[in-house]
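To keep things clear, I will list the structure first and then write my remarks on it.
Letters A, B, C and D mark the chains in the order given here, with residues in each chain numbered from 1 onward.
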Amino acid sequence: MDYSLVVAIELLREVAGLILIATGLAVIFGMMRVINIAHGEFMMLGGYTVVLTTKWGVNIWVAILILAPLVVGVFGILVERLIIRHLYGRIIDSLLATWGLSLFLIGFVTVAFGNTVEGVSTPFSSFSVGRYSIAIYTLFLIFAAIAFITSVYLTLRYTKSGLIARATMQNPDMVESLGINSKLVYMATFGIGAAFAGLAGGLLAPISGVVPGMGALLIGKAFITVVTGGAAVVAGTLSASAILGSVSQAVTFATGPVFGDATLLFVALILLRLLPQGITGRIFTRSV
Amino acid sequence: MSEPALLATSGLTMRFGGVVAVDQVDFAVKAGELRCLIGPNGAGKSTFFKCLTGQLRPTAGSVVFADQELRGATTHEIVRKGIGIKTQVPNLFDGLPARENIALSALQNHSKKRSEEITDQMLELIAITALANRDVGHLAHGERQLVELAMVLAGQPRLVLLDEPAAGMTAEERGRLANVLRELAGDMSLIVVEHDMQFIRDIATEITVLHRGRVFLEGDVAEIMAHREVQEIYLGKEANGAA
Amino acid sequence: MLRAISKDWLGAGFVTVIGLAILFFVPVLFDLFEVLQMTKYVVLALFVLSLAYIWGFGGILSFGQAGFFGLGGYAFAVSSINMGQTTVPFLIAIAVAALFAAALGYFMFYGRLSDVYLGVVTLVVTLILWKLINHTAGPEYVIGTARLGGFNGIPSIPIMTLPWQPDQEMEPSHMFQYFMAILIGVYVLLHILIKSKFGRIAISIRENEVRTGLLGYDVRLYKLAIFTIGGAIGGAAGAMWATYQTFVDPNIFSLEWSALCLIWVMAGGVGTLFGPMVGVLALEYLSFQLGQTDFINNLIIMGVILIFLVLLLPKGLFPTFRDFVTKHWNRRHE
Amino acid sequence: MTRDITRRSMLKTTAAIGAASALPMIPFAAEAGDDIIVGGLHDLSGFIDFAGIPMNQIMLMAIEEINAAGGLLGKKLKGAVYDPQTKMPLYSQFATQLALKDKASVVMGGITSASRETIRPILHRYKTLYFYNTLYEGGVCDRNEISLGTTPAQTVEKLVPYSMGLWGKKVYTIAADYNYGQITAAWVKRYVEQNGGEVVSTDFFPLDVTNFGPTISKIQSAKPDMVMSVLVGTGHLGFYNQWAAAGMKNEIPIASTTFGAAGAELEILKPEVANGILTCYGYYPSIDSPANKEWVAKVNKRYPDKTPLLSELSAFTWEGMMIWADAVRSAGSLDRMKLIEVMESGKTYDMPSGQCAIDPLTHHAIRDVYIADLQDKTYIIKKKFSQVQPADTQLVCNLKETPNANKHYEISLE
């Protein structure tokens, strides 16, 4: 009984992790048709923001919840202005450019801050489920993911900017004719996507190693989750995270992490095969 | 029916979830016949068209072309049996010149040399030789329609399905197209899905009216135009709108 | 039209002549080290041809070209270690990659997947291969006498022999010439293929898939054939890579290799065969030079170069250069 | 780090020459002159640069020191340093370049086993002496290579009985899913059983795994007396954080032959996460000997701004340079076979890590091994074992009988 509860918590934690790392990518992908390969490095920047600012004495919660998204969001806007805005409608070019950005960021952070910066320790302690003890931070991550995706949903559903965002996703050409400055929409979108990545990186910082190459470990899963999820940011990310996360984690419990990861990929493949047009058809109709 | 039909559907039905877009349609076209298919928006014309071209797989019923069952066949198989398809929006190889576009169609069944000859014939037939070396991406909409028609004909089909071929054409082009279609009839069968009543008057001998997924009426131009109910359900709104 | 065709053949002929000149003169003029380096570029040029062909002339964007490269490499490694010769293993490597491409292609094209979405499937499949082959460290993963070796890969792969001299390991200069001959052969064959009826239809698929289908061509079959040819070439390159390096490891399947292949094609120019080969040479040479300097972290430089390449030379090096030359040529002759 | 790099002025000239000479279209004319070329192949960028950069720094420092003492055979040493960027094709390319073009007298480097197996056959083929200074799974049998790093039989054999004595006989092993992890886990099992204990489970993790939640639950349910960690790489750092976060740090102790091998874990993890982990290596900066104190002081003096992480990897790179230089002096020649014969003579070297000799049968080091407890980023040495043999490689390799061997054996414990 205790063990099932532990397994359930771990399943939720994996789903929550996927939601956190995928949402920023999904926002940028769904709205702008840009595959941001540097998404993993945006998370890494979020992690570094937390690690460095707490070292300078900033409260860890301020660092995770405010500074990480803020810093990375501003950086995202900068990147959009300098690079991405030249590449709209060129899905492969934007992929290559962001890959270049990802390499650049790894190298830059290594040179600027070194690759062995002391991390932060995990806030909260642990609690017991029978003879198991689980980090409270695990629960915190689950709740953070729920709060996160709910707020994205509410924003998209009930606010004016959410309406604009949804309109952009449906038909980017129409937005301009509605009298909205689409450049501004794209800039804001990229900034918000980057901020989400920063927040995710900040939240993961206390439980993973914060090193320049950490993004590469996360981007693959994030990318597959987004593609499997498809065009709808909230529903897509949520459903894909739920399916992929729980199945792969269940297999991990049953066998080991190797087959857990392979299962994640395999399930993604099956889903893509079964729902070819339904999931991604809309996104890719105009590409390449 | 004196002679056997070249293409015949029986009980052709297409359902989307609970909606029946095409409802047990029995339809037949003889060899050499030019048939127009009309009907108000939502009558099921496009769905019916796509059932014939293999772009949709009908829920029930059969499509027989020259004694072969087509239902379940893919588009390219249907084309290979001798049916030419001209879609509603001109669908061309934008990066290539008109000549190359047409030759690609002829290549299907012929050597390179022979297909060049066929291409020249088609360019002449449709009277677009002047466009031969221009990239089709840069042509006007009506010109593109004509290139596509030439392309379809270069495949030497026995039956041609045309979905609103006159859309976007100038009056002059429309006249030219009507002449070409009339000329072609006899050598091959043609099924034209069309909205433009003037154009239909110019070309049509026989008309089938679709309404709510069913065949509502069949007859020649005069008969259909005179029919009171057709005027009500279709011409009443559409003709006014088009005029 | 006439001009276009003659220009094409002229270009291909020119490239072939240069290739033959390289084949004959490089081993004479350069020392061992440089011949070895150039052998590497030849193998990678063949690898990049596989993607340049399927993407540029069939419109199939594969994010997982490394999958075929890796399968070819592993198939060659396992079979040559077991068989003690290299000619049949080379053919096995090509066959394994081609069969895998055919199976994957059947899954994708007959499942009516399209465009980038197809790219994602190729990417995921390659990732699965990477994961699984990485997991073969244990002693139970053995094929005949060849241990798969997991993360560390398979070392001590035999050096290729000439088919007509099965007992004699190739000298580096012979290997260079043999590989170069293969590269030239594949280049010429691809060029002929592109100019054939098959090639014209393949290009028409790239231009407009729906229309090609409406003309009565079986688009799926054509795509499958193109993809399989690409897989076979990738497999051949993988086998050559394995024998050149004398080892393979799972990173041959990595995202990085697939991405590098994409980048070479992009940098060289999609829609040409020659451009991507130039792309390989330029970027690999650059990466090699960067490795010898240490004034700044190499990733920074590679990243910046990539970004600038995309922003400033979106068509790729070779087409940009060609357009530039043609423009000036025309101006002078007007 | 940038500052360190700009210091390497000598290196820059080498690199410039290297760059000019590597243009493949220009036949190479310039010779390296009268200098003795020492090749360095360490990852200076990419995901294990934290290990490669200190090794490179220490190698350059050794070159400077030898030159300051008058060089070798009346000639100056010159470092030829390349950055393979953690890419195997670049490793093979640069190894070929060092052997054929730079005509290096000796090559130091290779960090992962994959990189070693890339360059070892090349250097063997082109007869260029090779020093591999990293701890690894054992089994290389090649008379052209000197392997100075510790192997599982040297460390696991000591750490397992020691930690079982402290904590108990039920062991749970978690290991990286590649050769090193697999083989080390097999040795752990053997030594645990030899000492009357039991390995309750062995879990393997691909190197890119970052979430260890399920494993931590599994360990809790197995209730072992201790955890033996053979985790490797930055992805696996997450385990220690998540272990501490789950409140397990004070419940079940951890011993490891990989934790902090290159020093990175030590720097990145907070003391409250890393304290109390028991490790076993051939070198610790806190070794209390005059030789080591002097050496550490030297390193601090040479790199005062940012001192390289001192670990087995960097210390043995130093030792490699010194053993090679000693051989050159003794042989009075750069001839590869003469140097190998000197090193095979069973000579004992006094090094910062203690006493060390080259086993003539395997070309692996017979060396002192230490067990240390980590407290607040400092290793407190608990026990020293003198002159430990590379018993694992000795099972498969005998260079006296097969001097032409050129192979990396998989040491099977079945």
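Keep in mind that, in the parts below, a residue touches a chain if its C-beta (ideal position, glycine included) is under 8 Å from a C-beta of that chain, and two chains touch if they have at least 3 such contacts.
Not measured: the values here are computed from a predicted model.
Q: Applying the touch definition from the top, give me the chains sitting in contact with each of chain A and chain C.
A: D
Q: Counting C-beta pairs in contact, does A-D beat B-C or the other way around?
A: When B-C is set beside A-D, the one with more contacts is A-D.
Q: Measuring between Cα centroids, which chain is at the maximum distance from chain C?
A: Farthest by centroid: B.
Q: Which whole number of Å gives the spacing of the CA centres of chain B and chain D?
A: 75
Q: How big is the gap, in whole Å, between where the Cα atoms of chain C centre and where those of chain D centre?
A: Those two chain centres are 36 Å apart.
Q: Rounded to a whole Å, what is the gap between the Cα centroids of chain B and chain C?
A: 44
Q: Which residues of chain B are in contact with two or more other chains?
A: In chain B, nothing touches at least two other chains.
Q: Can you list the chain A residues in contact with two or more other chains?
A: In chain A, the residues touching two or more other chains are 107, 110-111, 220, 258, 261.
Q: Pull out every residue in chain D that's touching 2 or more other chains.
A: Residues 2, 45-46, 177, 206 of chain D touch two or more partner chains.
Q: Can you list every touching chain pair?
A: Pairs of chains that touch one another: A-C, A-D, B-C, C-D.
Q: Which of the residues in chain A end up touching chain D in this complex?
A: 3, 6-7, 10, 13-14, 17, 107, 110-111, 114-122, 124-126, 131-135, 137-138, 206-211, 213-214, 216-218, 220, 249, 252-253, 256-258, 260-261
Q: Taking the complex as given, what residues does chain C use to touch chain B?
A: Residue positions touching the partner: 1, 197, 200-201, 204, 207-208, 210-219.
Q: Can you tell me which positions in chain C touch chain D when the two form their complex?
A: Listed in rising order, the residues are 29-34, 36-38, 40, 131, 134-135, 137-139, 147, 149-153, 155-156, 245-247, 249, 251, 285, 287-299.
Q: What residues on chain C touch chain A, complex-wise?
A: Counting only chain C, the residues touching chain A are 59, 61, 107, 111-117, 120-121, 124-125, 127-128, 131-132, 135, 255, 259, 262-263, 266, 296-307, 309-311, 314.
Q: Which of the residues in chain B end up touching chain C in this complex?
A: 53, 74-77, 79-80, 85, 87, 91-97, 99, 104-105, 107-108, 112, 133, 151, 155
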